[in-house]
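Chain IDs A, B, C, D and E follow the sequence of writing; residue 1 opens each chain.
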Amino acid sequence: MSRLGTLLARETALAWGRGGGPLVSVGFYAGVATLLPLAIGPEPARLAAIAPGAAWVALALASLLSLDRLFERDFEDGALDHLALSPVPLELTCAVKCLGQWLATGAPLALAAPIAAIGLGAKLDMTPLILACALIGGLAFAFTGGIGAALSLGARRGGLLTAVIVLPLFVPPVIFGGGALAAFAGGLPWPGGFILLAAYAAAAVALGPLAMAAACRNALS
Amino acid sequence: MIDALTLDRAAVQRGGRLLFADLSLSLVAGQACALTGANGAGKTSLLRAVAGLVPLEAGAVGFGGLDPTEARGAGLHLIGHQDGLKPARTTREELSFWSHWCGGDAAAIDEATQALDLGPLMDLEVRRLSAGQRRRLALARLLAAPRPLWLLDEPLSPLDAGWRTRFGAMMQAHLKGGGLILAAVHDPLPIKAKTLEIGAQGAGE
Amino acid sequence: MLPAPAFLTNPERFMAFSRWAAPMFGAIAVALAVVGLYLGWTAPEDYQQGATVRILFIHIPAAWMSEFVYACMAVASLLALVFRHVLADAAAQAAAPLGAGFTVLALATGSLWGRPMWGTYWVWDARLTSVLALLLIYVAYMALRASIDDETKGARAAAILALVGAVNLPIIHYSVTWWNTLHQGPSVFRAGGSALAPVFYWPAILLALAYMSAFGSLWLVRIRGEIWRRRAEAAALRAARA
Amino acid sequence: MSRLGTLLARETALAWGRGGGPLVSVGFYAGVATLLPLAIGPEPARLAAIAPGAAWVALALASLLSLDRLFERDFEDGALDHLALSPVPLELTCAVKCLGQWLATGAPLALAAPIAAIGLGAKLDMTPLILACALIGGLAFAFTGGIGAALSLGARRGGLLTAVIVLPLFVPPVIFGGGALAAFAGGLPWPGGFILLAAYAAAAVALGPLAMAAACRNALS
Amino acid sequence: MIDALTLDRAAVQRGGRLLFADLSLSLVAGQACALTGANGAGKTSLLRAVAGLVPLEAGAVGFGGLDPTEARGAGLHLIGHQDGLKPARTTREELSFWSHWCGGDAAAIDEATQALDLGPLMDLEVRRLSAGQRRRLALARLLAAPRPLWLLDEPLSPLDAGWRTRFGAMMQAHLKGGGLILAAVHDPLPIKAKTLEIGAQGAGE
């Protein structure tokens, strides 16, 4: 549907313009990759061990901190009214908004993650798993995060509340993904954690928009 | 397509306070209605209730027998105090996004650009537009994606005398084409229209 | 145990029912707790754990209740969202602090127990972390409700959150089977009979029932209070208008 | 001056409300402290080694991601016009804005940083240094970040530009602070890095407002 | 204190285009001037140039011999299209912050609250105010921190008839007290005022 296409383009452009985009993620990982060796000493073994985990945490934190951009501006400047007034169901609109956010912030971070991890000394054969975890995990973060952002619309202290709501929702994917990465690095079977991560992301993508649309309607009324 | 709008003993409350009750209205294709009332009477709230964004406390809104959700989704435009335009994007980007979102095509967008004389502004960011230019951009949606019911909230206010006349002509043309207009105003509309005064019945505080 | 839902949807009848049901549940709770604690206190010390095994009688029921109360809150929220029923909303609102209390109790007793058992008060394993997340969701529920000025909007937003947060319940429950954790696997109810000796099993079950009745009683009292508060507020609003 | 007092109160309240405040910072570090072990495995030795560094990186990241809130809203909704039109020099106004941002986000994060580091297993005797670095570093991040935020006002892709401008400015304090922490943990002399960090922060506080005010005037005109 | 405003052959350009040139005006204490002109003529730009936010391309602004920076900092109010109010804060918070920022004290804030009837709105968040209520809150600054020169950009537009009259009386009282008003408008001002039309000299496009 071409409407959703234009919406996706707009959301990506907006998120890209304010605090998204490849540069932020590159800069961010550059920071991590510069700082971690400084902070914990340059022994390669230690660095390599924590590299994938650090990339994974960074992804979650960056998602957390960019959430207030998802609905709040559109709510305050009236754009959400116009988005809600459309033959397109609001659920789909919310899903596309999250997807745009993910394309502009989650995906570049995910693409940069394996590079940073390898720069820190992670083994090359981890690349596909790191990338897959970061891509899927980013999707889970974007869609669960959207729920928090939508629920705290119109609340006093919106930003604060978003964080409180979203943190517990972020815990499961972080556990799953971190578990898969650690298992892989340790030579243990990793598909278990990975499948759970994918399942969580799928549930978030499928059910999150319902909650977001309900929350948006509630805030607009 | 929407060819009638009826309000049947509608009541709206905001923040626990009843704004108005027992408000009835019936508009058919080709008619306009000016919604008047003091500041805070509930004009904006009524327009949002017609658009389905705010729930009615009592009564009903009808669109000539159509399913309300469908009628609202594709049949009405709401141009409010807040225009939803992003200051950092260009006129072109915003016009083309909103027109496509409302279902307009390239030809209609061109027509709206012409009618509202947005051509010279296309590459300016919205934040640089003057108040009247920005309002013209918001109004361009009405032409870029033709829909029968226009809900307008003080549409004329930042426009200069020339543009008020021209926009009056656009409203006239819309009515002639079978459209309906419900417009909240403090000054008289430049077209023939019913009036509905909110708060006159004594329901407001 | 609960009367038919239709019975509960009428506030008047609910008030009449809860007037006697709340004290009754309270009395049952006290009786069960007295017996359970007595049995627990007289139970022999565990050959491995010594006296610390007695934390079990507090910990396991509290941990169960933290999940059970959440389930109650989620169901009430669903009813409130779907049927827009004030009583269901009051029930969800009243359950949240109680559930948070049980969760805190489970966390506190668990980490007190962890010190002798695992040599540390806290580890970041999946079970412990997901229980912490449960506590955060309870807190978020209450915070969200409190920070939206419009009460009906706040109620609906909080109800949506309660439903979303319910995904955490299976994660808590299955965390010990899905991951290698320090925490005990299922041991009370499991295929092939309980791993607990009967001297530990029965006090735990009795105390669990006591917790359940205590929750029932407190819940009813809190719902009653909530209904009174709303009635008083509506009356005040009417008085202000008149 | 009581005007600056009310301005500070407003700025702190605004920053506090949207993505600041003690809860967010506690939640943020709780997130870091939860996610990091989950992501990189719970071995205490490994965790303890990276704890101060992780807290430090998290601080820089949080500062980076909250920058777009500093001037942009006030610019877009016209509040900056009114702030500029005052007997108070715009330099002072900008400084107070940065200070408010720091009070609402940097300071709570700094206070929570040692707790998180200790929770992850850092040695107790590092507390004062972690706290001092985080407080002073936060100030440096707020005042250098403000320059980027002000310079990119009115630019297309403001957020991106902010990051590009700010990243190079963030590198020195990150290196100085990380170096001091690493030196302390390794039993080496640490005051060198710390003094450089403090000097950088002092320079940022002294010179940043001049640049910010000039950039704001330019954007408004 | 400002007791005169002079524009001497002023010119302003925006985005590389000269909006107007050779604009001259002289106002003394007790006088008002209505600034008119088509949308995009440059009314808002002129007001911002007087306030010192936009540089003049040519010509000069004078405040009766006072130092322009000082005169601007403490002697004028600019109420524009954009009011700088934060939707998430309450009326009370915004009113008290802006009044203090402009140098008002508690007594003046109370007086402004009375005059603009903001009492019942004090604990509402700004986002819940109706358009007219919000404009009243923006105008409250004028009374809460008395300053001689008022630069107003379409101040009447979302106000209802009753409030237009009342605000007209406030402007009248301000002039009587030795104030000066320069107001960009599309409708006539409800007070006696000079007019200055922008774009009439043919400098606009």
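The rule is short, and it goes like this: contacts are C-beta pairs under 8 Å (C-beta built on N, C-alpha and C of every residue); 3 or more make two chains touch, one makes a residue touch a chain.
Worth saying up front: this structure is predicted, and the values here are computed from it rather than measured.
Touch-path distance (fewest steps) from subunit C to subunit E is 2. By the document's definition of touch, common neighbours of subunit A and subunit E comprise B, D.
Of the two chain pairs shown, B-D and D-E, the one joined by more C-beta contacts is D-E.
The chain closest to the protein's centre is A, with centres computed as averages of CA atoms. Rounded to a whole number, the gap between the C-alpha centres of subunit B and subunit C is 50 angstrom.
Distance between chain centres (mean CA atoms), subunit A to subunit C: 31 Å. Note on chain placement: the centre of subunit B and the centre of subunit E lie 29 Å apart, centres being C-alpha means. Between subunit C and subunit D, the centres computed from C-alpha atoms are 40 Å apart. Of all residues in subunit A, those that touch two or more other chains are 17-18, 154, 156-158, 164, 167, 171, 175, 179, 221. Looking at subunit E, residues 81, 88, 125 sit in touch with two or more other chains. Touching two or more other chains at once are residues 129, 132, 149-150 of subunit C. Contact residues on subunit A toward subunit C in their complex (touch as defined above): 147, 151-152, 154-157, 161, 164-165, 167-169, 171-172, 175, 179, 192-193, 196, 203, 207, 211, 214-215, 218-219, 221. Residue ranges of subunit D in contact with subunit A, taken from their complex: 16-21, 23-24, 27-28, 30-32, 34-36, 38-41, 46, 49-50, 52-54, 56-58, 60-62, 64-68, 72, 156-160, 162-164, 167, 170-171, 174-175, 178-179, 181-182, 186.
Residues 14-15, 37-40, 43-44, 81, 124, 128, 130-133, 136, 153-154, 157-163, 186-187 of subunit E are the ones that touch subunit B when the two sit in their complex. On subunit B, the positions that touch subunit A within their shared complex are 48, 51-55, 70, 72-74, 76, 78, 80-86, 88-89, 93, 96-98, 100-103. Across the complex, subunit E meets subunit A through its residues 87-88, 125, 127.
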